[in-house]
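Across the two complexes that follow, chain A remains constant while its partner is chain B and subsequently chain C.
Moving on to the complex of A and B:
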């Protein structure tokens, strides 16, 4: 090996490694770290768009932008909407993906076919799939013609109490394949002995699912809950396209949609940044609560 | 066992039916939302919807834009991501632990929060609106791919590198001549994983491209969906035709290489 002089002690055995990671580090700094700090900075200043190079005064305004955001009924409604979304999406995702992964884990015919079919929505652009969901859930679409007299009126996506749940179900459907794979990996780590012990004690299949499988995949459940929450908080494309910009009348608007409208469409990046910062704080709080709640029996 | 199989079959139907319906709908001359419309009737089939969407949003141009956007990201990830992944796996240098932790931290930063500051910086300060560079920049290096590269480089035996170093080879030539040829499967995985990001991305290219001839297909199709389609003769047919064109490359790649996609998500999901 190379001799380690004093320089080697400072820079490490292979100083060329620093050169190798430099482009990546510059990228992380320019695209993640700096914008993150910049967002917080903007949210405390009266920041507005100006011609490049123009010297303008953008004074510090304390919590003014946050006051503007929190007293805006549209923003409050959007945060409420995302809670409705999460209350439907997260439990549904956990239950369905665990059940399907558990079924898929058994020695069963057509495994590859099932795995591929569950994963296809996840790899497809939301913009493409939204087109067919619009066609399916239209007032006189296929879903309503199957339901006949049971079809809701007004229809799914234009009904103010059904629009957000429909968006939540759409996202559950689209992301489920990814979470099924996470559970499939976790199921490989559940000890076979535990199942044998459970069946010796006379536990049926359902009992051993509840007493062995569910606790066995608890770390994966924590991860699924956290990832589903972060995905839900980032919701934009679906309300923008599926319900025509968060309609009807803001009933399915998400915080990111409002952030886009206030920050870019209406030219108030300071207000938009404040929404973004509040959203991240909200997600962090929710993640902490979920961790305590879901991960409590984890030893 | 039977119950599980039936459950899986119902699941597969729910997941695949919208895709089948997308294809059928894109071929119907008249939209038929009734139950019988789910079965193709030869009299009602046409390729006209594809011509219609092509006329409205120039499919070729949009596909080219999607291709340049995606290709740029893949190239950036392969060049800079392989360098970073190799250094993180096989080189001892100051700050390695810090860079590795940063890479993991990045995975949980919600990109949406960064939308506004990135828009202000890239569009307003650097004047990169309506350019491929501005589109590619925030996605240039896929951190999940860097993580995958690092995992594969770590699995190579240390003796291989020691021998090459004793022969006096430079790190760059060890990487290029010894390490890269041994991790070809990782490169394929990295490319596939990186592909679906920019190909399907909507919000960012939507924000920074106002010129239609620079918009990737996801953006031009959504603009058609929200504005133009109201005036078209068979709006659903045209939208679904565009949707099929947008979905086809990702779905095809996924089906051909499904093993690569799935094993990647398993390892990165469980460890990351």
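Moving on to the complex of A and C:
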């Protein structure tokens, strides 16, 4: 083995590779790792933003911010709300995007039109789409007009029991295009031979789907579940705009919305950081559980 | 997880770079107070205020070539207050902002972002009303600039359609009766449409004006204690509860302006809105109601004021101070009134600009009301206090999930604790 100098030891066996990777590592460190570390630091101090040069006292306060957060009913409720959101959003996203991707993968008429149709909400600004949903789901909206006497009272977005499920369905619909795309890519890797073999064994379309397609796209399913969980846990725009700040009465408030209120609006970034750290831990735990169940065969 | 980290990165720690390279900020305060030279100012982004701002800056620059003012609209953000808060932290706030919300002053002050102003000038210009803008340390960190005294606008055509030709909206009973008539006759879908959403500032346009009127001019917090869990506060809450319960006001968010669209027959708003109603609504205006129907000259209301503050990043504070006085002089205040219809927060507006009000009688009512306005309390944790109040109000008054009285009592206890925290 060749002996290497100090520079060689730092750069490793593949200095060109290291050079290529370095910009992204620096980016990750500066934009993600350092702020995350600093957020943890803030959560253990009586921290607030101050003008440069201002003399301010920011003492270490131990777990005080976490105690404040965990004893705040609004925060506890927001975490409960986002759990309800994920329970509806994640399975619905997986099932619908897989079924639709499967349909769009088949040689159907207007295939390109449908593919574009499902993708358009994903690339449209939430602010614009929210206006349409407000029109659809308000008490005199299209949905209630169709439902007639079956329309809920109070209406969807101002109903404590229905507000979060409606938000979950909205987000599922909005994100569907992206997840369909992931599944469409995964479907190209499922060997046609497997379908032929299944057909020879007498499997119909449904059995082929269950026994060939579903296991064949399992890595994509793991990715879809994880991504849907992460984006779902970061829910902000919808409760902020669609339900007017997490209404009614906090029924659709999410941890990130509360984080924004406490951290930015009310000038308590220490409390906001504590919520953020708890959210990161919660999502990590969820992801671990999901990987254990969904990704077990993959591993 | 990257997304999580990124969120925290952007939202909570975005100011780090600025903090790290902070240097000495505005430098020595005494030197800066006398320093003269070019300065930057920000103003609001509505067309009328921009037009006024441009002429004011042009007038100043024409006389002060060595102390040039550069002006721009407040950069876009979720709200002006967040943009200003971020600018303070980053150390790049301008010298003066002609759109500083009184509710945010205590927070900006805590951040070390504001410079105390000349008290004698402020008190001389605004008179007694200035006292509401004084901070806990006895100094002024904001110049009370202009108010938009909130009143009840009504749509004359909708009222006529409902069979109401000469509306009397003085008492809660009269207001409710007119509202019921409007909705029952289907002249409009709702009698009034205050935003039912949960943002901390929404109570300034439903509860607070009526509370100011009912209580004879009390602020939400006075002498370190919440005042709203009183009989007066509960009467106001019960009045609005009735409006929501009988569906005379809507619990649902509205996109657009319900008053302009004819969805609501009335609006709680200040004179800034008159420009937007031009050619669209044939409107009348009355003071906000009280339970006993107090005469108009005894009615207080929410000021909806925006003020001017000087920011600590300012190096040429001598010039900034001069510009502040120039922009709020009798002459410039008159130009501001003419351009925007908003009321300069100075003594005797009605008599000082008698010519304007003779030509624009519709605005005279607001000038009279401007002398009886109530500001948000200038106390620590101001925004948190308003959010606490809004949460309780929303739960009990708008959505009826708790008794209004117990909701106000509970909120008052929390607010008392918040006021005590520094």
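Note that in this section the second predicted complex is superposed on the first by the 266 of 299 C-alpha atoms of A that agree within 3 Å, B and C clash if a C-alpha of one lies under 4 Å from a C-alpha of the other, contacts with A are read in each partner's own complex, and residues count from 1 in each chain.
By definition in this document, a residue touches a chain if its C-beta (ideal position, glycine included) is under 8 Å from a C-beta of that chain, and two chains touch if they have at least 3 such contacts.
Predicted model only: the values in this text are computed from it and were never measured.
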Aligned on chain A, chain B and chain C: do they clash or fit? clash
With both complexes overlaid on chain A, does A:150 touch chain B (first), chain C (second), both or neither? neither
In the superposed arrangement, which partner chain does A:38 touch: chain B (first), chain C (second), both, or neither? both
Contacts for A:74 in the overlay, against chain B (first) and chain C (second): which applies, first, second, both or neither? second
Once the shared chain is lined up, is A:125 touching chain B (first), chain C (second), both, or neither of them? first
Now for A:200: first (chain B), second (chain C), both, or neither, which partner does it touch? neither
Which partner chains sit in contact with A:54 here, chain B, chain C, both or neither? Use first/second/both/neither. second
Touched chain A residues, chain B compared with chain C: B
Which one of 55-63, 73-81 or 127-135 is the stretch of chain C that crashes into chain B? 73-81
Is there a shared patch on chain A that both chain B and chain C touch, and which residues make it up? 28, 31-32, 34-36, 38-39, 42, 49-50, 52, 131, 134-135, 138, 230, 233-234, 244-245, 256, 259-260, 263-264, 269, 272-273, 276, 279-280, 283
Give the list of chain A residues in touch with chain C in this complex. 28, 31-36, 38-39, 42, 48-56, 74, 131, 134-135, 138-139, 154-155, 157-158, 160, 230-231, 233-234, 243-250, 256, 259-261, 263-269, 272-273, 276, 279-280, 283-284, 287
Flag every residue of chain C that touches chain A in the complex, lowest number first. 1-16, 18-19, 21-26, 81-82, 85, 88-91, 93, 107, 110-113, 195-200, 251-253, 255, 312-313, 381, 383-384, 387, 391, 394-395, 398-399, 401
Residues on chain B engaged by chain A in the complex (per definition of touch): 1, 4-5, 7-8, 11-12, 14-16, 18-19, 21-22, 25, 31, 33-35, 37-38, 80-81, 83-84, 86-88, 91-96, 99, 102-103, 106, 108-121, 124-125, 127, 137-138, 140-141, 146, 162, 165, 170-172, 196, 199-200, 202-203, 207, 218, 221-222, 225-226, 236, 239-240, 242-244, 246-247, 250-251, 254-255, 258, 261-262, 265-266, 269-270
Where on chain A is chain B touching in the complex? 1-2, 10-18, 20-21, 23-25, 27-28, 31-32, 34-36, 38-39, 42, 47, 49-50, 52, 99-100, 102-104, 106, 108-110, 112-121, 123-136, 138, 140-142, 145-146, 173, 176-178, 181-182, 184-186, 220, 223, 230, 233-234, 236-237, 240-241, 244-245, 256, 259-260, 263-264, 269, 272-273, 276-277, 279-280, 283
